[in-house]
Structure formats: structure tokens, C-alpha cells
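Letters A, B and C name the chains as they come in the text, with residue numbers starting at 1 for each one.
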């Protein structure tokens, strides 16, 4: 049984179903990546696992506990961290305050966690007193990931973390994500930059029209000629 | 030289000191409007009448305290009654939120529907206040009237003009300063204050971070209603209490919030003083002031008569909307 | 929405008015009817703004008051002495105003940056003093002319019903000014701006005595219908009353009220017809499309701000017309009587209760709410008497409650608005959603 698992997920945002019996799972310390064409339901699948839309069928389990009925807020408390694609930092607040807000639900001392985040993203320590709105795109993404890490989650979900950043910044961000995974956190992310993302992925899911088309290790998917031809641009 | 000093004292007495007190009162009111806007995202038209309600409760308690002979002479009894008035306004605001605004918030109704509901609430508050205390002027100030009287000042300095510092003015300035300092400490340093700023900045992300929106909203109303009561009581002590006046204060308060940048507490304060000083300087008759400089003006040399003081707030509002809709401190555009 | 429901609701309203006629008196009933008709027109104006376009106007009072000013300026005879005393000064002040605005516009379009701001401020201040230089002595001279009886310029001496059109034009001009500034920003700004302009309009009307006589009021406005006292002395009228077997005194007042009612019905029918035509035209469909999805409409290339300005001006003009009619009916202009509760808030309750977006609903709301507003007073006093019946006549609580009963009426209206807004936001006669 996988650590976080969405089984046969079917549902949408109230109207027609977007997901049709979609299966996603990820293990601790692993990176799972969801790729696929536009409108395939990549983000929707991840949001479903985070409880941001109601499932008509299927279920979500975390560490063998059924969490299908929990609200996103409750899932945060249960150990899930989510980094939205847009508006993922408090722009008027300083970097440090952003991290504090990430730890809002914690009543214990989170100073050590903050130090860990600063170790992971040294540039944030430097800019801890600056409003997050004044940072560059890549730095903002670091703040966003750092904010989500403040709850010490067991699963971290990232919705297109590299959208709109330069290739160099993207590589660096992926390096950091690998480091995070190495600490034993399960990482699930949705990516447009399929090739680079599958490069670091332990497991990849290719979604088409809300269903799984290919599921394999990242390496195998990159090697699969059909996947290459259809989804990776040859 | 004496003429020059006399002119300065005259100006301070009739423009600077009253402007300072009025500005502080407006700032407290505008802080409430701006906080409610930042968190609940609508312009609350009921704020002026919430001020009137809080002030009314304070007045009723003041009268009761006066009748049983409890006071804190030389300070006005109203200061003793103020916490009760604040509690009353807070209770009313929370009930209103529970019965009116929460419904629209949960449905994510368009802001204009919330504004409209707040107009309904405004008239209900208005009816309530008139029903309980009546529509007329009420006086409730007691204690010492002056800190520095005109004669003291003249004796002290030997000038012809006197600088009067009335006690309510001094109290206004001291209380406003203390309250604003406490508010800023709360917003910048406390966990709840930061949560409020986070919620105001990015509602969805605040929810993701586990911030409880109902708690944020409740705290916002507690602060806004308390500030409204303080502003209302200070205004009433300084001038007098009349329900309709508080309704009319709504315009300068909105102007102050927008001039400063809506959703920006620091802007609300700056805006309050900008509006107040504009109003006072534009409606002041400069005849005697100019006479000290050797001019002999025929008329009163008053730019606008006092009846048009709303026009001043309105013109400021219009200028800001045309030139810089985000206000001085780059708030949101409504 | 079936036509039956509308017919039924209107029938109920007619029955209520008839009941007042039978139970109280026909004079009272007609008095209520006349104000119902005016309220209905105002509600139509507001419905055009809110129902068609979603514009929230909190300054209805100001536009109605401008209509009142129009009634005075159109129908009162000109005061020649006052014109002789200050006419030239007022004219020069007006000219300076026009010149100042023209210069400011030129500067605004020709310069940029900090220079523009400074130059405009300086020129604006200069223009202000120039205007005041001409205006102040002229105003003093005019207000000194027979101050007890006139002390103002008077009007154009035209028939009073023309003022209904003039009132519409005045209100439209004010709406253009407000709309230019506040439309295009978020809707809250329009609400705040209209609140402000209405307070300023009232302040001007109260203080610019040379124009409106201010709080000294203008009484004895000419009327579009006969005057009761004169009517009672007419041969044909006495004969008519005799043949109907009614008291000429009471009949005279009923006759006059019927005359007003007829005129008002004509205006209401015309405005209603135009409003319905507009709503069903492509223009009306576009307005509603903008209201329901502004972004989509904008993406389709609609100039939303311009359309909003149009509809805001039209709605305000209708309110101005109704305001002029109201002053005509009163026969006097009393600036002190304008208060936002009666003139802004009550109209809003009418539109929301009647059914925003539906003209038939707005008109019904105008009738119903005015009826309730008037009849709530005797009911309220009766209720307070009933509640306090056990208390002695001089009990403080009883006296206070009786005294405060009218304020409760306000509270109840607020309550009605909030209840309808929450539980039946579409009102009594909901908007027809057309499918095409």
C-alpha cells in the first residue's frame, strides 16, 4: 500500500466530470510527477487528492487512513503540504512572516523548522526581512515551498512549481526538491516541463482526458517511444 | 515680531489644534473602515452609525454613572463608561455579522451585495439609535474644560491671542496615539495580527495555512467596533453627540481611507489628517490672521463656508480617484 | 413569471388603496396614490441603474432634490430687481467658471507630469478666486433684494410641468459628472461618490440662497392643476358637485388630487413604456450581459464604462423627473425636508422588494412600500399604545416609546430590506430571464 494514494478518482468542479477513474500514488522519499497535455486534468487530479474538489467515486488514503472526507485544512493538519501554482506567497508580508504563517497551525516551537528551510534555501535567510512581493519569481517559489514545509508535512504537493521561471532557476528548484525528498517526504507534483520533471521522478503518471494513459518510473517513461512521440515532443 | 507670533498662535488655535483632534477622530474611524475592507472586502456603510451606537451606549452609561455620583474628575466620566460602550458596539457588530454578513461571505456574494446589505444595516442602526436616545443633540461631557485656557496662555506669553487647549482635544490626541500604537503592535507582532494581515493579503493561501477565517473576521469586527466607539465618543466629547452627524461623518471617513490607500492601516491615519486639515484650512476665515500681516481684507477671506465641509472631503476623494486610485500608500483599488 | 401573478399583485395593491378610501377617506387614499405614482417613477429610475446594469447609487436624494430645484427655477416668476442687482455678477462668475474649466482641460491635455499637477492646481486656484471675485458681491446684492419675500433670482416663469423635463436634465448633468469620475472603478466607489454628491447637492441647495432661497423655502409654486379654493367658487364645479351629490369642499380636493394623479399616470406610462422598450432592445440585452459577466462583455469589445455612464445618466434623469414632480405636488420647495432615509433608502427598499431588474416589480415596489411607509405610522402608534396600555399615561417609558415610534419605522424598513435581500433576493416580481 502506497503512502499517499488516490484510487479510481472520479469527479469535477460541479459540472461534468474531469477525472475518470484516475489512480495516483506516491511513497515516502519518492518523487511522483503528473504530466500530460493541456486540459488532461493534471492539476485537478492533484487538487482532488488535496480535497479541493469533491469526488463522486473513488477514495484517497494517507498512510492507510481514508481521508476522502477531510477538508483541505484538515489534510494540512494530517500532514499534507500544498503549494498552489499562482498567488502562493503573501506578497505584502516579509519572507519570515510568510514562513511563520506556514507554521500557523503549529503550537510548538517552529524555530528549528525555519532554520531547516533557511538551510535548504539560503537566499531566503538573506532576504528574511523583505516583503515576498519584492522577490524574483524563482525566489518566490522558494518562499512558497518553504511556507508549505513549515508544517513538517509528510507529503508535499506542488502545482507546476517551475511555471514562468528560467531554465537555470528550474534546474536549481528541482535540485532543492530532490533534497526535500531525500529527507523522507513524499513529493507529488504537476509539471508542464515534462522531460525535465521525469528526469528526477521516481514515478511518472501520464494523464489524458482524466485517465491514466501510462504509469511507470520516470526513466522508463522517458525511454518509452510512444510517450516520447506523443508527450515529450519526440 | 509680536504680530507674527500672534498670527501663529491664532492659526494654531483655530486651525492646527482643531485639525489635529478632528484628524485623530477621522483616523480612528477610517482605520475601522479600512480593516473591514481588507478582511471582508467591502465598503461598510454602517460604520458611521456603528460609531453612533457605541457612543450612545457610552453616553447612557455616563449618565447613569453621573446620576449615582461616580466620576473620575477632572477627566470626563465618559472615559469610565467607554469600555461598556465598546463592548456594546462589539456585540452589535458581531451579531450583525452573524445574522447578515456571514451569509453573503459564505456564498461568496459579489461585494456590491455586501455593500447593499451594509446600507440596510446602516439604516437599522440609525433607527435603533434614534429610537433609544432620540435624534437630538446630547451633551455628556463633564470634568475640566480646559488644560490651557486663553487667559492662562495670554498671561503666560503676553500675546494678544490665546491658545486654548480644551481637555477633550488633549484626550483625543493622547487616546488616539495610544490606540494606534497598540493596533500597530498587534498587527505587526502578534500571531493573530499577522494572521489578519495574511488573510487580507491572500485569502486562499491563508485558508491553506490553517488560518480560521471566522476567527479573523470576528477579531476584525471587535477591533473595528472598538475603534468606532472610541472615535465616536471622542468626537462627541469634542463637539457634541447627534446621530445624524455620525451618518455624515461617513463621507470624510471614506475619503480618509481611500486617500491613504484602502486596506492600509497606516494610510487610514495619514488620510484622516489629510482630510481633517484640508477641511479646517479651507473653511477657516483668514481675516484676522491676515490682519496681523498688515492686510486689511474686506470680507472674511474664507475659501468655503463651513456648510461645505463635505465638499472638501468629496473633492479630495475625486482628486485621488482621478490621479492615484490606490491612494498615498498604494492600497487596493476598490 | 406568469402575467397572472403580476395582475394579482397589482389588483391586491388596488384593493388596499380602495380599502383606505372606504375606511379612512378617499382624500387620504388619493394622497397616498399620488405619492405612490411618484415613488414608482423614482423606483423605475433606480431599477434602470441597479436592475439593468448593477450600478449602486446611494445618492438618489441628491438627484431628486435637483428635480426640486428645477421646479423652482422653471416655474417661479423671475425677480427683476434681483437680476438688476446681481445678474451681471452672476453672469461673469459663470463665464469665469466656464473659462476656468476650459483652461484646465487644455492644460490637462497639453502638459504632463508634475508640471501638469502644479499648473492645474495654480490655475484652478486662480479660477476659484476669479469666480469668487464676481460671485460674492453679486450674491450679497441679490440676497439683500427684498430678502423677506424674494432675496433670490427667481425662475423663468414657465409652466411648472416643463420643470419635469428640466429636472431630468439637471439630474442627468450631475450624473454625468459623478459617472465620469467613479464609473470604471469597483462598484463601491460609485456608491461612495453618489453618497458624497448628494450631500453636497443638499448643502448647496440649503446655502446658495441667491439661487434657491435656501432654508427660507420657496412656497406657492404655480400648479399644473386648479387650486382648490378657486375651484370651489367656479359655477360649473359647484353644479358638478351638486349633481354628484357630494360636498364641494371635499370634492374640490379630490378633484385636484385626481388631476395630479392623471398627470402622474401619463408620465409613469411614458417612462414605463420607454423603460420596457429599452430593456427588450439589443441595448437592454447588452446591459444585462455586462451586468452578469462584465469580463466576457469587455472581451467582446463592449465599452463597459461608456454603457454604464449611459445607463447611470438615464436612471438619474428619471429620478430627477420624479423629484420635480414631487416638488410640484407639494407646491413648495423645502430644502430642509430632504433626508437620505426618506429619499435614498426608501427607494432602494422599493426596488429590492418589488424585484430588481423587472420594471413591473419596481413600480409595484414603489406603490407597496410607500403605502406601507404611510400606513405604518398609525399602525406603529397604535401598536405602541397597545404595548404600553398597562402603563399610566404619564409613564416615562410609555411617553418615550410613543415619541420614538416613527424611528422604529426606519428600523423596520431596514429589516425588510435585509430580509428580502437574503431570503427573496429576486423580489416580488422577479426579473424575466429571456432565452434566445
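Observations
Just so it is clear, a residue touches a chain if its C-beta (ideal position, glycine included) is under 8 Å from a C-beta of that chain, and two chains touch if they have at least 3 such contacts.
Please read these numbers as outputs of a predicted model, since none were measured by experiment.
Ranked by the number of C-beta pairs in contact, the top chain pair here is B-C. Central chain assignment: B. Criterion: smallest distance from chain C-alpha mean to the mean of all protein C-alpha atoms. If each chain is reduced to the centroid of its CA atoms, chain B and chain C end up 31 Å from each other. If you average the CA atoms of chain A and of chain B, the two centres end up 47 Å from each other.
For the pair chain A and chain C, the distance between mean C-alpha positions equals 58 Å. Along chain C, no residue makes contact with two or more other chains. Shared contact sites, meaning residues of chain B that touch two or more other chains, are absent.
Contact of a single residue of chain A with at least two other chains is seen at no position. The residues of chain A lying in touch with chain B in their complex are 72-73, 76-77, 82, 84, 87-93, 97, 100-102, 104-105, 147, 151.
The touching residues of chain C, counted against chain B in their complex, run 54, 56, 58, 117, 128, 136, 181-182, 185-189, 191-193, 195-197, 199-200, 203-204, 206-207, 340-341, 345, 348, 352, 403-404, 407-415, 417-418, 421-422.
Listing the residues of chain B that touch chain A in their complex gives 191, 194-195, 197-198, 200-202, 204-211.
The touching residues of chain B, when paired with chain C in their complex, are 42-43, 45, 100, 103, 111-113, 115-117, 119-124, 126-128, 130-132, 134-135, 247-248, 250-251, 254-255, 258, 299, 303, 305, 307-308, 310-311, 313-314, 317-318, 321-323, 325, 333-334.
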